Amino acid sequence: EPIEKSEEKEELFISAATSLTDVMTDIVDTYKEDNPNTQVTLNFGGSGKLAQQIQQGAPVDIFLSADQKWMDTLENQELLAADTRSNFAKNKLVIISQKDSLISIKTLEDLQHKEIGQIAIGNPDSVPAGNYAKEALQHSNLWEGLTDQFVYAKDVRQVLTYVESGNTAIGFVYATDILMGNKVEQLAEIDEKLHKPIVYPAAVTSSSDNPVSAEKFVDFLQSKTAKSIFESYGFN
Amino acid sequence: MLSVDLKKKLKNFSLEATFDVSNEIIVLFGPSGAGKTTILNSIAGLTHPDNGYIKLNNHSLFQINEKPLPIQKRNIGYLFQDYALFPHMTVKKNINYGMKDESLVNELVSVVGIGHILDSYPHQISGGEKQRVALVRALATRPGALLLDEPFSALDEETRKECQNELLRLHKLWKIPVIMVTHDYKEAEKVGDRIIRIEKGKLLEN
Amino acid sequence: MLSVDLKKKLKNFSLEATFDVSNEIIVLFGPSGAGKTTILNSIAGLTHPDNGYIKLNNHSLFQINEKPLPIQKRNIGYLFQDYALFPHMTVKKNINYGMKDESLVNELVSVVGIGHILDSYPHQISGGEKQRVALVRALATRPGALLLDEPFSALDEETRKECQNELLRLHKLWKIPVIMVTHDYKEAEKVGDRIIRIEKGKLLEN
Amino acid sequence: MNYTPLFLSLKIAGIATCIVFVLGVIFARLIARNNFPGKRILEAILLLPLVLPPTVVGFGLLYLFGKNGPIGSLLLNWFDYQVIFTWVGAVIAAIVVSFPLMYQSAQASFQNYDRNIENAAFTMGASKFKVFWTISFPLAWPGLLAGLVLTFARALGEFGATLMIAGYIPNQTETIPLAIYFAVESGNTDAAVFWVVSIIAIGFSAILWLNWWSGKNILKFTSDK
Amino acid sequence: MNYTPLFLSLKIAGIATCIVFVLGVIFARLIARNNFPGKRILEAILLLPLVLPPTVVGFGLLYLFGKNGPIGSLLLNWFDYQVIFTWVGAVIAAIVVSFPLMYQSAQASFQNYDRNIENAAFTMGASKFKVFWTISFPLAWPGLLAGLVLTFARALGEFGATLMIAGYIPNQTETIPLAIYFAVESGNTDAAVFWVVSIIAIGFSAILWLNWWSGKNILKFTSDK
């Protein structure tokens, strides 16, 4: 749309969840090719931290969260521009172990039969991946029986570390995370029906100075180009 | 002219001292623990009396119920009984710290014989050398009054005489009030224009 | 019997001292900066000579090329020129620190007249009082040899006499080698069995 | 409200502080008084845990004490003991991150008084041990106290390394900073405020008490000046 | 490899250290030498940032300096300046977390020498200012140096509060600890190791240099003892 191409540079400030660091850098680079007048600044952190920054009036245009909860919080506080919220990526929950480990787990039910010891899981109260795992386990009536075995981590990365270093035999992470740890392998994929869909929501903040181009960027996340980049990083 | 009238409670007795020092050398003479250092400290401003006044040339240094003049405004040279040299400065820097008159200092250094240790630090010199450095340092400020707390006690006979003579010479030149503490009666008689005896905080003028 | 034969390079000259002290009182007498304190420090073990030996009653304290006996094993009482009182202990605790004989201490305290300051801290007492505390502290250990660096320099005539007499009395009792530094020739003659003169690091025995 | 984090934090910070104090004083004393080649380098190494973000320290500890780590596997084989995911791990984390504070303070304070006073004590026949306890230690005390206060505060507030090595296991390794973190992250403001207030209260009263106690027992001799 | 985090970290830690050093010395001096009611309490308050997990400190700072916060709104109205998401925010975070270390060290070191030496300088007519710079400061130096080293190291390693107030904006607020964190997060082990090694190297050489420089310029007088 050549009409929109003004001489003035526009600035977009995007706060994105940590797990999106690499993929978003890639996507923004692609976006800039077509929109040379838009200067995009990326800020990363845990979804909770990013939301709190927005609550305190940080100059953010777009919020890309790893879970719905913090997005809901912002929405309830009317910190999001109306009708700009949309989901742009999906992920899957998997069980991992150290590479070449002898454990074999095919389904969630296998967890209760085996002598697997401690299980690393994101803290369900604050880490979305942990929350999905908890839901799935509760759905399968396994949660109560396993509570003594859980070690709660502050993020998925810590789960990976525990498994990589062999301190816990298995852990729950996203499918995209396996690509980052090269010492782990996937044992089983969790059935998506056992938990709420794992989707990443995006929204424009109500305090944005450039709501039009912000919305344009959010739309771009749904585009084919963006989708293929997401897929190349393991999102689906 | 230095006028002192002070009362101060000490641990075992109370100090009461009233005396004037015109441009003369007064010797405070008395047993250990009599209160000599306390008098000098009060005049210099390191401690304050409980009552009374201290005046130098009609400027009030201390007056009960008034804010005492701070030490650094009193212009009083003080040789501390324990020297209080600056441990992190060489002898030269110690002396130059408050120096007013460089040629005076050069002369003093050679008279008291500390030229060879100018670059040493206080912990590298002998007790008598420290005392002489402290003496020169106090004189170098060309003060309006001078307090000397046992200034020659760590010196041998000969050095001591030279220092005494230098003090007398400077006093003739400067004509300022000087109070000196010593335990050596011969020295007191030689240097002092007047000797004030003190015992358990009370003065007994000769 | 204390035998000393030491060489040590100082800044401006080198110290060479050879002498024996049987169970007598020797006075080291000489100008400020002559090396007296350095000799005492070497005997006590605070510093080490460059060459020579030091022996006490045929035990080697220092011998070139051997590991010197540590200070705490030398059993030598030492009154430092600058006292070196423990600032965080009361006078009483200072004295009791290495005390061997309580009744001796009680007697010393009353003879030198520091009974009234036993509960004071060093920064709360006068210069002469500090010196007497240091004296009592050094004697309280009932040492095998005694080093006194200008032990009475800050005392008035009378107190000084009492302390001298007490020293002589104890020496008669203990019969140990004593080395004392003083700048007062009368004192040297009164107290010393023998006077050793020292100048620029060289001994000139009387 | 579950008060376990309170007691756990006090226990962990208390034990770590004691150990760090003793180690810091010993190291500082040995290093401050001896000159040897590489002394400065050793000192700089001892300070490294301070430069590294706690998570990285925790990462390192995890590898050392983990099931397959050099120390961890020894402990497991010899004593059948696992440090990871226990409160002992939290103690280790607190020790490592707060040690530099104690060491640096202690090292400065052992330089800062007149050595002749120690020599005077030696001439009275006191052993090295006695001289240390009766002379060096009290004279160095102001600096040691500063280190002690810093150590306790740091141990109490330790989060990153602790979380890594001890994990977050409610009631077992849940110290107050962990409780705060997860309360904040999960948007539980009430709990977060409660624990923030608790940790401030503990830190505050511990520091006040330390200062008061030390003023009463050790620093009397400077009180007049 | 992009070296921005290196320069950014040096800039931020350097500026924060200078500010903290000056503030710490002034506060310590004023507080150590004056007795007033509530002195101990004020001191304990100054130490609080040490007890709190950095994230909580960051949260507090975010609140204070945020658009609607008491300080943030002032800055915005008066100077049209926003601190959040800038490297200045990182400096503020580093200042707040490292100040207690400097304060506590400085405060101990101003207690630790003979006040009579200052009095001697006063009798020579030196002003309070001159006495402070020429006497008190060098005599307190060993403790101040300890504080300086701790401060720099802590400022360099600061992560939690920085992330909160300055955010992680590549090339703009990306200090080394943040670079490490995100390298680890994205599984980029090489970069993580590179930055860990860099921060160790910087911390190490800064500490060595500080010690060497201070030994050369200020501590000469103790070198013989």
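The letters A, B, C, D and E name the chains in turn, as written, and every chain counts its residues from 1.
Just so we're on the same page, a residue touches a chain if its C-beta (ideal position, glycine included) is under 8 Å from a C-beta of that chain, and two chains touch if they have at least 3 such contacts.
Note that this is a predicted model, so its numbers are computed, not measured.
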Other chains in touch with both subunit B and subunit C
none
Return the chains common to the contact lists of subunit A and subunit E.
D
Give the chain pair that accounts for the most C-beta pairs in contact.
D-E
Identity of the chain that, by mean CA position, is farthest from subunit C:
A
From subunit B, which chain is the farthest off, judged by mean CA positions?
A
Distance between subunit A and subunit D based on Cα centroids, please, to the nearest Å.
37
Distance between the centres, which are taken as Cα means, of subunit D and subunit B, whole angstrom
49
Rounded to the nearest Å, the gap between Cα centres of subunit A and subunit C is 80
CA centre of subunit C versus CA centre of subunit D: separation in Å?
44
Two or more partner chains touched - positions in subunit E:
55, 59, 184, 225
Show the residues in subunit C shared as contacts by 2 or more other chains, in ascending order.
82, 124
Where in subunit A do residues touch at least two different other chains?
52
Of all possible chain pairs, which ones touch?
A-D, A-E, B-C, B-E, C-D, D-E
In the complex, subunit E residues that touch subunit D:
40-41, 43-45, 47-48, 50-56, 59, 100-101, 104-105, 107-109, 111-113, 115, 142-143, 145-146, 149-150, 153-154, 156-160, 177, 180-181, 184, 196, 199-200, 202-204, 207-208, 211-212, 222, 225
Subunit B partner, complex, touching residues on subunit C are 11-12, 30-33, 36-37, 81-82, 116-117, 120, 124-129, 131-132, 149-150, 153-160, 183, 185
For the complex, give me every residue of subunit E touching subunit B.
114, 116-117, 119-128, 131, 134-135, 138-139, 218, 220-221, 224-225
Once bound in the complex, which stretches of subunit B touch subunit E?
44-46, 70-78, 80, 82, 84-89, 97-98, 121, 123-124, 137-138, 141
Subunit A contacts subunit D in the complex at 46, 48, 52, 69-70, 73, 118, 120, 123, 125-127, 150-154, 158, 161-162, 165-167
